[in-house]
Each structure stands twice: as C-alpha cells, then as structure tokens.
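Just dropping this structure here.
Read from first to last, the chains carry the letters A, B and C; within each, the first residue is number 1.
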Amino acid sequence: MKVKTISLAVILSLVSLNSYAKEFVLTDNENAISKGDWSLTNQDLGVKNSTFKIQNNVLKGGKQEGSQVITISSGNFTIKVSPTRGMGILSVEGDGVRMGWDSPVDEVVNPSNITLESRGGLGWLDGFNEMMVRCGFEWTGHPVTADGMIYTLHGRAGNTPVSKLVIDIEDKAPYTITVKGLIKENTFKKSHLETWATLSYVPGQKSFTVHDIVTNKGDYVRDYQIIYHSNYGTPILEEGAQFIAPVKEISPFNDYAVEGLQDWQMYLGPTKDFDEMVFNVYPYADEQGMTKVMLANKAGDMGAGIEFNINQLPVLSLWKNTDTLKQGYVTGLEPGTSFAYPVTIEREQKRVRQLEPGQSAEFSLTYHLFTDKKSVDDFSHKIQAIQGDRLTTVIEEPMAYE
Amino acid sequence: MKVKTISLAVILSLVSLNSYAKEFVLTDNENAISKGDWSLTNQDLGVKNSTFKIQNNVLKGGKQEGSQVITISSGNFTIKVSPTRGMGILSVEGDGVRMGWDSPVDEVVNPSNITLESRGGLGWLDGFNEMMVRCGFEWTGHPVTADGMIYTLHGRAGNTPVSKLVIDIEDKAPYTITVKGLIKENTFKKSHLETWATLSYVPGQKSFTVHDIVTNKGDYVRDYQIIYHSNYGTPILEEGAQFIAPVKEISPFNDYAVEGLQDWQMYLGPTKDFDEMVFNVYPYADEQGMTKVMLANKAGDMGAGIEFNINQLPVLSLWKNTDTLKQGYVTGLEPGTSFAYPVTIEREQKRVRQLEPGQSAEFSLTYHLFTDKKSVDDFSHKIQAIQGDRLTTVIEEPMAYE
Amino acid sequence: MKVKTISLAVILSLVSLNSYAKEFVLTDNENAISKGDWSLTNQDLGVKNSTFKIQNNVLKGGKQEGSQVITISSGNFTIKVSPTRGMGILSVEGDGVRMGWDSPVDEVVNPSNITLESRGGLGWLDGFNEMMVRCGFEWTGHPVTADGMIYTLHGRAGNTPVSKLVIDIEDKAPYTITVKGLIKENTFKKSHLETWATLSYVPGQKSFTVHDIVTNKGDYVRDYQIIYHSNYGTPILEEGAQFIAPVKEISPFNDYAVEGLQDWQMYLGPTKDFDEMVFNVYPYADEQGMTKVMLANKAGDMGAGIEFNINQLPVLSLWKNTDTLKQGYVTGLEPGTSFAYPVTIEREQKRVRQLEPGQSAEFSLTYHLFTDKKSVDDFSHKIQAIQGDRLTTVIEEPMAYE
C-alpha cells in the first residue's frame, strides 16, 4: 500500500522542461480565460521538421452544448481529448485503425447535463463513450448506498470540467506536445483532491503517455481510488481477438463471469444477450514493476497496448462487453488501484489507498496503437518475456459479491 | 399492442417533400452548429402571397439562461416552441385567444438547471409550464422507485435539448413550415430511443400538426410510453367550460377523482383547494381510428381541439387542475399510450408498449384553435358524429391505486 | 410569529427613491438581457466628489464556467457578490482586512454544475465558500428525508441564479450603490417564493446593508425559513478571537457542542480534528428589536459586526468550524428565523414561519468591517449596552437531536 511521493527533483525537472517549451493557456479559472475555438500548427510555430496540429473546438447541440474537444494530430494519427469531461480520451486513430468504440451515447455530454445520482447512481452511463475515462479519484466502482449517500458509478473525475487547460510544445525536436488539465474534486469537509491530468504525444509516433498527479490538498488523510477505464471496440476487437497479458492471477468478478472464465484470453464477436463479463486480474511485471497488456485482433496485425507500473496500478479489470454493435461492442482493459466492486467492498478488501495531507500519487500509462503484424508480435513477445515461465493462477470463485 | 412501422415509401415521400423545400439548419450536433438568435420572413424568401415569420431567440437570466425559443407567426397567429425543452410547445395564440396557461414557473427553464430526481422524483415540476410537453419516451407517469432507481415524473424527453434543429419551408404555396428537432434519450446499456419531433404549420391557419417518430436505435426490444400533456388555461378554460369528446369509458384516476366523476364534462372556475382531479378516458374513434376532443369555453365561442388516432394513442388522461389562477388554473387533455400511473402499474396493466430493434412508432396530433362559435360548433358536431349513439361507460372505481 | 407586511407607502417610497437614481439593468429574464462583462466608475457618471467602481465579470473554467461576479469597490474597500449564486457575498475586504474565508471550494461554482441531492442531500457543500450565503427560503437546515423527498442542506436560494439584476446609483451624494437580484424559487404546485435580494453600499464606508424582501406570490400559505450564513476566517478569526453578543440564551446544537459550551465566547486557533461545534443563540435586543453581534480578533483591533432585528431574525446559529486552515478555518454568525436543525425539527419546535398569499417578509442586516481598536471597542460597548445587566442563560442540553 506504499505510495510514491513526488520528489522535489522531479518537480524541478518538470519545471525546467517547461522552460524549453512554448506554453498556451486555453483555460484558466483564475484569470477568466477560456479560449474556445483555437488551433495551432507546426507552421504557426515556424517548425519545419515536424508536422502537427492541435485544435480546440466547442461543441454544440443536445447535451453536448459547450463541451470542448482537443484534437491532436500528426500525419494520419489523431487523438481526441475532452477537457470538459475530465480530460477523457474520446478516440485515437492511426493508419485508419481506431482505438475507441461506438457507444449509444454519441455526443460528448457536458457534465452540466448529467446527474450522476440518476438511475440509482448510474447517471455516469448518460455520458460514457470514451476510449479512456478516469474513474475516480474520490471513489470508483459500482454504485452503492453507504454512509448516507450514493457512491455513484465510477466517481466524479470523468464528469468534472478542468479548471485549467495548458498546452505545452517543446521548442526543439521532437516537439513533444503536452496537454494538461486540472481536475478539482473539491467539496467542503469531504474532498480536496486535485489532479493534473496530462497527455504527452511526440509527433509522428503511434503512442502517447498519460501521466496524472493526484494531490490531497487538504489536511486530512483521504481515500482515493482510480481505474483507467480504457476501452476498445472494432476494428481491433472482433471474434477471435485476444487479450494478451502477463497474468499472475485471474478471477471472475461475479457468478456470470464464471461461465466465461475458461476463455478469458479470447473474445467473441458481437453477441446478443452477452451483456458483460468482468475478470479481476493481477498482472505480473518486470523488476521495475512495469507491465504490458494488449488487445490484439484475430489476425494479429492490429493491436492496442498499454504499459503501466503495478506499483502504481496493481490490478486490472478486464471488461468484456461483447454485446451487439449497437449496444456497445467493447472491451475494457482497465489498470487501476481498485477493482470495479463498490467502494464498500474495496475498503473491506484493502484496495482503497490513502493520501496523507499534501501527498501526491502519480500514474503513468503509455498507450500504443499497433497497425501491423510486426509491432503486434514485438509487443506480444515483450509481454511473454514478462510472464516468462511464471504460472497463471485461475481462481474460480469471485473474490466478493455485490 | 401493434405498432406501425414506417415503410420505406413513407420515408422516401418525406425525402422528396424536402426536395421541394428550403431547409435551414439551426442546430446540428455533428457540425458544431448552433445559430442562436435568428429570423426569417416570407419576404426574405421572396414570397409575396403568404405572410409568415420564424425566429429563434436565446433567452437570458435565471434558470432559463441559454434556453432557445422558436416563434412561428403568421398574421395574428403565433406558436412558441422550445427546442431546449424537447420541442415542447410553450403557447399558441390567435385572434387574441391563447392556448396555454400560467404556471408559477414563468421561465423557460434550461434542463441543465433541473434535477429530475429532486423532490423524490418531482424535479420535472421545476420546469413545467408548456402548452404541450412530451412525457416519455423511455417512461412516463407519476414517479416511482423500482428497479433500484427513481422513475422520475413524466420521463426525460421534455427536459432534453435537441441535438438537431431543422426548419423546412415549402417553396410553393401553401409554404408549409416544418420545425424538426431530434431528441436523443441515449444511455449506455439502458436506452437508445431517438425521436424526431416535428411541428408543421400552414401559414394563415389556426391549427398545426405535431408529428413524432420515435425509433429504437438499439438492438434490444425496449419499452416506451408517451403522453402528449396538452394544457389549457384561461381564457378557454373557465367556469362552465366543457370537455367534449366521444367517450367510450371514463373512470377516476384515484379516490379523490371519484368525487368529481359526475361532472366530468364540466369545469369549475378557479377553486381554492381543488388541487387536481384526473380521469382515465378511452375515446371512441371513427373507422380509421381518428378521434377528436375539445375544450370549449362556456359560451361555446372559443375552443381548443385535438385530433389523433387511437391506434397510435389509445387513451386520454383528462387532468382537471382547476385550482386558483396563481396556483396554475389549467386542464390537460392528454392523449397517450399510457395513463399517468407509475410505470410499474402501467406495466402490470399492459399499457407499456415496446419497440423492436430498429422499429419506429409514429404519433400525429393536430391541434386547433377555435375563436368563434361556428368553428366550435362544427368541431363539436364532428365529435358527436364519432360518438353517434354509442354509450359512455362510467366506471366508478379507479383501475389502480398508486 | 407575526410577520411584517410591506405597506404600499413603503413600496412607493422605494419607487420614488429610484426616480433619483441611475439604473443599470444587467440581467433581465423578460427581455433576454444579460450584459456579461461590464463596468462603471464614478467618472463614467461624471461624479467627482466620490470614488467608486462597479464591475461585473463572467468567470471561466471548471465548475465556475459562466458564473458572474459583481465587484463593488471604493478606495480600499471591496465587496464581491455572485448573482449566479443567489446574490451570495463572496468576500469583503477593507484596509487589507478580509471578511470571508478560504474554502477548499475555490471556484464560484455555477449551480448548473451542482446537484443538491448528491451525498445524501449535501450537494450544497460542492459550492459553499461565501462570506454570506442565503440558506432558504423554501426550507433551510441540515438535510432530512421526509414527505417523500430529500430536504437538501440549506435549501435552494443560494444555488439559484437571479432572473433580474439591477444596479442603482443615487445621482447625488452619498451616491449609494444598490445591487438587486431577483431569486425565484418557483416550482409548480410546490413553491412560489420570489425574493428581491439587495445589497446597498455607500461609497467610502466600511459597512453595507443586505435587505431582502421575500414574497409568497402564490395563493396558498407557504412555509419559509432563512438563515443568513455569515462566515469569517482569518485574519479576524484566530486563536483568542471572541464572539461578542448580547446573549439571552445559548445551548449546544448537539452532544459534541456540549464539550465546548463553557468556552462559547472564545475561539481556538486552527485545530486538527475539531470539525464543527454549533451553538443555538437567542440574542437580546434593544426596544426596537435591534441587536448587534461581532467577531473580534484577539487584539481587538479587527472585527466583523452584524446588526439585525430580532423581530425579523430571532435566532442566531454560532458555527465554530475552527478546524485546520485547509479544511476551512471559519466561524459562522448566522442570524435566522430557524436554527440549523432539519426542517422536520424546526417545524415541531415552531420556528418555521409562514407567508400568507401575497404576503412579504423583510430582512435587513448591516455588516460592518472594523479595522482598528476604537471601532471594535465602540461596537463592543454598544453590544454591552444591549445586554445591560441582563443574564445569559446557558442551557446544557441540546434542544433537539437529529
């Protein structure tokens, strides 16, 4: 349960990094800045040996009125992020291959149009369509009524508009683009967690890094939880697609998942009445704690990989929602501090972490899009190298019941 | 329980109709269009043999900040519709006679300022002031806690801002004006109902048609319900005003309504402590299923009529809220698929309909404003012709208890 | 329980006053006016013998997107008010001394981003950071589930954006500045309370007056409650700061407050794990019902005073939240019609007032900032004069249990 604090050295290195970058403040709550529609290209910066474009758009219509979307693109690689929705990643596309999925929710819903408490705490489902949504930080998991309140599904960060939004671009090659948003989960007497949610992208690459620093700004020890709910549909997800990971232990989330336990590595095609099966995974990692997981398509020539550190994110929820296309054919590879059980269960089973006053926790995840067989194979081999000859324990009973 | 699906021929005919119309897109969620303040007159279109004006205004102040209102007018006839509030009709006025009422809620409340779950599921009352509000489509009726959630009063459509808003004007006489809004009730795993809510008006007339097409965009059979909550206060509603309809069966909604059952056809003036009496009505119809109902004033020289088809809308709730003027002196003539009982009761009593995947249901209602004795008499005779010598069954006990 | 109604004469006098003032309408729901960013100085008005500036700003970023803040300043005295948050006073500063406090909620949260029902009715805490917030008027106090709903913490007025916002400036000395906002608590069948919430400031002074008129616009008798939750942190609040008031009776709000009853007049410094102690106070007043209360710092050279009439506001909640600085080190001096118990208890104990149809109630509170020893002493002497030799009854048991 040990949590890494950020050393001053790290902070200083970040500061000094910034001193060599151009910074663009798009939103700043303290200075009444909200730039709205905005764009910037490598040409605007006089950069000739790299091609990139960053734009911010304000959406209109329906429940997305006023939502903002940042699009980062370089060549045929595009990342879409919504600062209005807690820096959630809407979709990523490269070489014509998409990371993301098709939700019945086809708007970038402005949180002001969502009541998280609706449907018994399932209001989060009114906005859920991201490739990656932060489920946390004050709490996460399935809703539960406890302590005189509803702990709503997957917490509040994903429905919190950022108070600050800053874009940094390194002023020399490789011109790394960093988009940073400040998510405030501040409630008098209850919560004072502030998170700098960052996405860094090196133009030309087909990967990017999410780096979050959540800080307890208050004077009391506070619980926190986080699940990086990372979701993929077609074309990578398909019948015969595979979940490839170095797995130390896997167990079914509930009785329904027991039925699918044998085939945890394989995916079905779109399947009527499948609903969802969730598996609780403890990954193996290398000596530094780094691990890698991947969704690969059947042919093994498309893949979505995630690298993270199990000291930061010790567990992974594998969410197989291989229902019909229109219902939302999608799988979630979800590194987290917690599984998706209600916070009451996560507390009992000691997976809820705490931050001391002033303390921060950091989370880094590198997302890869693979669009050819070689890169899928390479990542797969690295995963196998982590597993080595270590065994996978398959536990046949859920560790808890909701 | 059979529901008409739209044939391709119907869709094509709609498309071809449009090919002879000028189209103005005021809101489009897919193209970040939201025109805001906007207006158009027959002169702008070079039309000389018809007079009309259409405008869209963005409201300010209080809980209506950002709400939009479309005003369609021709001569002394005016219709106000709010796309922000699910295409609800705020009021209609012609010849100095108003269809609509005075609610204590005197703003066009932006749904982002409403929590439907408040007051135990009565949050809808924070915005209710329309002449016609769609109560549906995922559910309707009085609130009830069931299935681990609150089914909030009268569903969500009336508090859903449209994702698309399109105005069509035929480019030849009679220059029919059609305002179309797309209401999305989309929630991951729960709902995927999309409704094109349309109002068509022929300049110069004192009537208009509401035509809705609700489609189950998902892959699973879904329940739906709809009540067209159509509401009239002064001047048509007054002491001695009459509800005129071809009634096959009428019964009291609850024990309180039993007291008013004898006088179901007559209205009281504003009456302190009256609160509301509701009656459940099954109308007679002609051979095509068409029926007509009307509220007429005492002198019979003002009236509000509705025509609809009982195959689409088999029941009618008669809501007599003849309380004081400031409390909201109003009656509702509410054609629907359901009565106003909670969805749990409507399910038990088999009035909740279903849509197969991809299936649509259509609803058409023509609203008439009558401002002279002759037109009231004519409509009344047509209603009598539908009734013919068929008897009205008056049932003295409620069909259900909440 | 007698409530003063406003005579026509009073209304006319107000009207005639206005005829000698310049009026600026910043928001008007009936005319689609919302001026947004706006400012005005004495120079703009050609006034030479007084210095003042009034500005309105629209905030950006995070949960405060779209919130408005009016800043009134004269010399080194500044008042900040948010019309978006029910005319709550954010902070006051003069001579470098601040009235107000530092909440973990450091944005002026737009109510469209708050769900009052969240956290079991504690959603109000997501926005609470004002120096003075109106807790009312339909209800106030701690949340309770009763009558099939949650009476959410401290009611809705503080999270209601004003429908009208008008600034009046007298056109001759002393050029009194009056900011008026209209708060509508209108819900069909439930509530029809409208409040003109007014703040008047004479340029050059270090005090200002809040004057509210709440009117029952409906036809039925309605309950109302109000607590003027007036909150002070550093620098006036500190270890050894004092609460100075003419106290007739004081009692602990709950068992925890019993522990602090002996020291009700003194404050602790920031104290870990202190949380909050609340005391129920009945103040003494002079023959006109006027009373005065003050928070003074330890040295007695800084103070925050409030004058009010116990016929309007008979009780005062003394809220000692001397927890740590980051947790919110703050005390509330809260004149009200009610204590902070849930409305159910306030009803039982007969502190819930009523307004007849059309009836209004008025509340006036004058807030003083004292920045030197003499003014603190003067106010203290006036308080002592009210107390005279009348005894303070200290009751050792709470009057109710939640």
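In this section, a residue touches a chain if its C-beta (ideal position, glycine included) is under 8 Å from a C-beta of that chain, and two chains touch if they have at least 3 such contacts.
It should be emphasised that the depicted structure is a prediction, and the values quoted were computed from it without experimental measurement.
Rotation angle, subunit A onto subunit B, C-alpha superposition: 120 degrees, expressed as a multiple of 5. Where subunit A touches subunit C, the two copies mostly use different residue numbers: shared numbers make up under half of all numbers in play. Centres computed as Cα averages put subunit A at a distance of 43 Å from subunit C. Counting only residues that touch two or more partner chains, subunit C has 112, 115, 117. Residues 57-65, 103-107, 110, 112-113, 115, 117-120, 122, 125-126, 128-129, 272, 323-328 of subunit C are the ones that touch subunit A when the two sit in their complex. On the side of subunit B, the complex with subunit A involves touching residues 27-30, 32-34, 66, 111-112, 115-117, 147-150, 152, 160-165, 182, 184, 186-192, 217-220, 357.
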